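Presented sequentially are two complexes of chain A, the first with chain B as partner and the second with chain C.
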Partner chain A sequence: MAKKQTKKQVKNKTKIKKIILKDTTAKKTVKKEKKTKKQTKISPKKSPQKKTSPKEKIEKIRKKKKAEVKTTKKPKQKEKKLVVKRETPPPKHPKPIEESPEHKKIRSEINKILDGRFLPLAILDDIISKVSEEQKLQSKLKVIISKSLAEYDKNAVDPSEACGIVGAQSIGEPGTQMTMRTFHYAGVAEINVTLGLPRLIEIVDARSIPSTPMMNIYLRDEFRLNSDLAKEVANQIEITRLNSIADIETDLTNLVIYVKPNMKTLKNKNISIKEVGEIIKKIRGIDAKIDKDSIKISLDDPSYKKLLDVNETLKDLKVKGIDGIKRIIIRNEPKEGYVIYSEGSNLEKVLQVEGVDPYRTTTNDIQAVGRTLGIEAARNMIIQEAHNTLSEQGLNVDLRHIMLVSDVMTADGTIRAIGRHGVSKEKESVLSRAAFEITVSHLLQAARRGETDKLGGVAENIIVGQPVNLGTGAVELVMKRSKKKE
Partner chain B sequence: MVKTKTIEKKQLDILQHKLVPFHVILSEKERNEFLENYKITPDQLPKILHTDPVAIYIDAQPGQIVKIIRKSHTAKEAVAYRLVVESNE
Partner chain C sequence: MIYTRFEKARIVGARALQISMGAPTLIKLPKDVISPIDIAMLEFKEDAIPITVKRVQN
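On to the complex of A and B.
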């Protein structure tokens, strides 16, 4: 059922896209008008909304969405507006694209034999490609499937297996090898990236900001093949402070500051002196006048202290770029074209920059991925980053262990750390806490608060002297009395 | 402010990002079938916040179950489910 639905959705979307493609050229001007109108509409609402809590915000957004659909009466147009900016979207959910009829036939046959039982797609695909190659095998399809089902069942994790401990050991053991060799840095081009054990700890700790944030910014077609365009995008992204493009001179006798931009760097960075002037004017309590190639800044109420203050703010004034992106390196990769690597990361903003391919650009800041792309993306990122740091050291840890770790870390919808006390924020049982540290005080505190212990963990069950709820300890024998009752 | 942000996100189809797997909301019928099939209660599932960017994008409400079709290195395609919950922040 679900699959059918998705297909339908995909179809609908493509339809919409087609319509848009036709309309875009004609409606471009109209869109711009609409946009400006929208902005003006929104601006008055800004102030009251700011103070509401995130919950209310989302409620409001949802209500608004509904209201919009109701009022416009033309939902199609609405949708167009939303999709308008999508550029050459890559194919939707990766359905097995166009199979040969022979493969299709075998697949449907296998599905008949499977009859609701489950085999992963990877195995099915393997079987299909093998069977289609050799005619002999086709008659034995039933045997093949039943054998692979049995084998799959045999290799699956048993119920109540302590997979977490197995995973921890499987990652931990090769981890000991890492400690000895790495505590230094290496990375793409000149950008330093934390690697080895420190990075692995960082990932598992779910730090809000990694020690060396970094982004891989991929570009869209035109931009990635043309070095000038790529440079332009890079200029948009890299943060440019006034200090680096202009000389700031303070005239203490007249209490005036002269900003003299370096024309060459200005041209290089594609900034006009007017723009610089506009940005400077936004500072409070000053007035800026643009002369030929310098900007004269005078204070509204001149004082020596104020002058120094303004001088400081001028030095750090952001002229262009995105906060957090400190340095940028453009490299020409074979096959791909120009790719931008950045020191520092700001995923939300970079995805909005024109020319950036928003569907491939990534950052090593897992929390940021979780914020902008959702919990599932964060899960994927944890797997990818952990696997890369391990395999970069030549350590082969089975991906399933890492997948388990990231599954646990993202299980409650937020990214939680796994430390030596277990998964953070998880309510720990009294007895296991007492078994770990300062036994008496933990027990006293628990008694005072009247806590209960569900005896779920290992330590608790050992303390009270009963089998641990794991492996063979987790099952009980139940006698089947009659078939009717089940 | 908030509104413009979501609209921008709508334009940027985050489901298309290579890190984001495919999300679908289960219909009422599918939901019941699914719970019946696995003999579980919804709260035993992993969670997804209703403030999650993807949840907002597909307009998932708390209480609904989202089906996620992940690309898996080991099984090519793996299906997972998450319960949409209200975030308590």
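On to the complex of A and C.
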């Protein structure tokens, strides 16, 4: 109704517009402007309107953008939710440890004193723990913070320092002293673990699966003190195949297979015949009937070959447990209670098992940590694994060099390998990539595309023969203005 | 201002080159000092070198 009226008004008032435009009643003129644009293709640009309409237009555009942003955010969130599919309801996890209110007070005071300047979190945590112990120190917080800042600045690296090269050498030199033997029985749990140089190569190459994946599964409060509950969790995790709990008999004359489970083992593992039957029914092309003690399997199309195929699949059929976990060892640690060590790793599914403490369970599969817990967790995992590998061999490498490598690997949000498939592939300079590996193909591609090399890095400046933009090469000298002698 | 070790090295090096090519020295020197590098280091200690560094902030 309103639209029709305004259309009529516009048609009648096209000549009167010029008079109205001199008024500063903003809203009405803006609406009419828009509708006339559609109809008459006139773009009226007159000065009194410019003051009011652009602002309103900008406001409207901003509101539209906000609405768009809101609508586009929701589908993204939906996509993320779809990835985690839960068949069972999520287990109730223990709450994370929160900071005590004293510590929070001290922390907020420190932040006020710092006023935007930076101190690393580890140092702040140290200060807070010591100040909360001794009451005398609380009044001297300002002095403490100013002295910590001074020390931190003293120890900071000089700008244009070649920290990449220094870090590479600091890790590489002890690497020459590492053993080449791949694994030995890691004393605690008699599980093979890759150690030494091959493990370091796996970490730095960002391999999708380590050669000896393993997990340390910690249990929640009730579960780690009670051996029966711990065994139940272990049963849920460890793979049990049909082979180990049942006898599989093939009747060739009738082309039927009888599966007779051992009742004792079924009780031990807390599995019922119904569950076994359900899993067997999922095999294609067969019909399974559950009797009291056994399951009778008959084929839809009876044939000898199919019978043998079904027999083979039945032997390896997974009845219970999580894919990827080969072997499990439960140990009663002195302070910890029951801890499960597993050979094989499947972080996503183990974290969902009831009884597992998701805040402390670890794995040595870095890509899995990146997928499940995020890129920051993966960065910390790389640092921890590399540091453990080096210190296990008795080599003491400062954490900062390893932190630099880890930061370079995870800087763009994914775990990239250091090597021609990852970080080195993504360098801007043609000459440095050509100098690294596969010389001819890099030069040919660059020539085809007409690429330019900005000569910003180390390798290309060495090739060309100029001083490198590091250390003394990054210093620009200027003559001082002479001071007037008094 | 406080120079980084790279800046100090560059300044002393440039000054030593100038002295080696015949530039006049700017401080009173003890008699046994002859190497241009030693002369430049002494000048740097006494803040007598007229060369400084232009720092560009990113």
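A few comments on the model shown:
The criterion applied here is as follows: the second predicted complex is superposed on the first by the 294 of 486 C-alpha atoms of A that agree within 3 Å, B and C clash if a C-alpha of one lies under 4 Å from a C-alpha of the other, contacts with A are read in each partner's own complex, and residues count from 1 in each chain.
Here is the rule we go by: a contact is a pair of C-beta atoms (placed from the backbone, for glycine too) under 8 Å apart; a residue touches a chain by one contact, two chains touch by 3 or more.
Owing to the predicted nature of the structure, the values given are computational and were not obtained by experimental measurement.
In the superposed pair of complexes, A:482 makes contact with chain C only, with no contact to chain B. Using the contact criterion defined above for the overlaid structures, shared-chain residue A:474 touches chain C, although it does not reach chain B. Contacts of A:374 after superposition on the shared chain: chain B is touched, whereas chain C is not. By the document's definition of touching, of the two partners only chain B reaches A:411; chain C does not. With both structures placed on the common chain, the touch criterion links A:160 to chain C but leaves chain B unconnected. By the document's definition of touching, neither partner reaches A:289: not chain B, not chain C. In the superposition on chain A, A:267 makes contact with neither chain B nor chain C.
Once the two structures are overlaid, the count of chain A residues touched is higher for B than for its counterpart among chain B and chain C. Applying the stated contact rule after C-alpha superposition, one finds that A:400 touches chain B and leaves chain C untouched. In the superposition on chain A, no chain A position is in contact with chain B in one complex as well as with chain C in the other. Across the complex, chain A meets chain C through its residues 158-161, 471-472, 474-480, 482. Against chain B, in their complex, chain A makes its touches with residues 1-2, 5-6, 9, 38-39, 42, 45-46, 49-50, 54-55, 57-58, 60-62, 64-65, 82-86, 89-90, 92-94, 120-123, 125, 351-352, 358-360, 362, 369, 371-377, 380-381, 399-400, 403, 407, 410-414. Those residues of chain B whose C-beta lies close enough to touch chain A in the complex are 1-4, 6-8, 10-14, 16-24, 26-27, 29-30, 33, 46-56, 59, 67-78, 82, 85-87, 89.
Residues 4-7, 9-11, 13-14, 49-54, 56 of chain C touch chain A in their complex.
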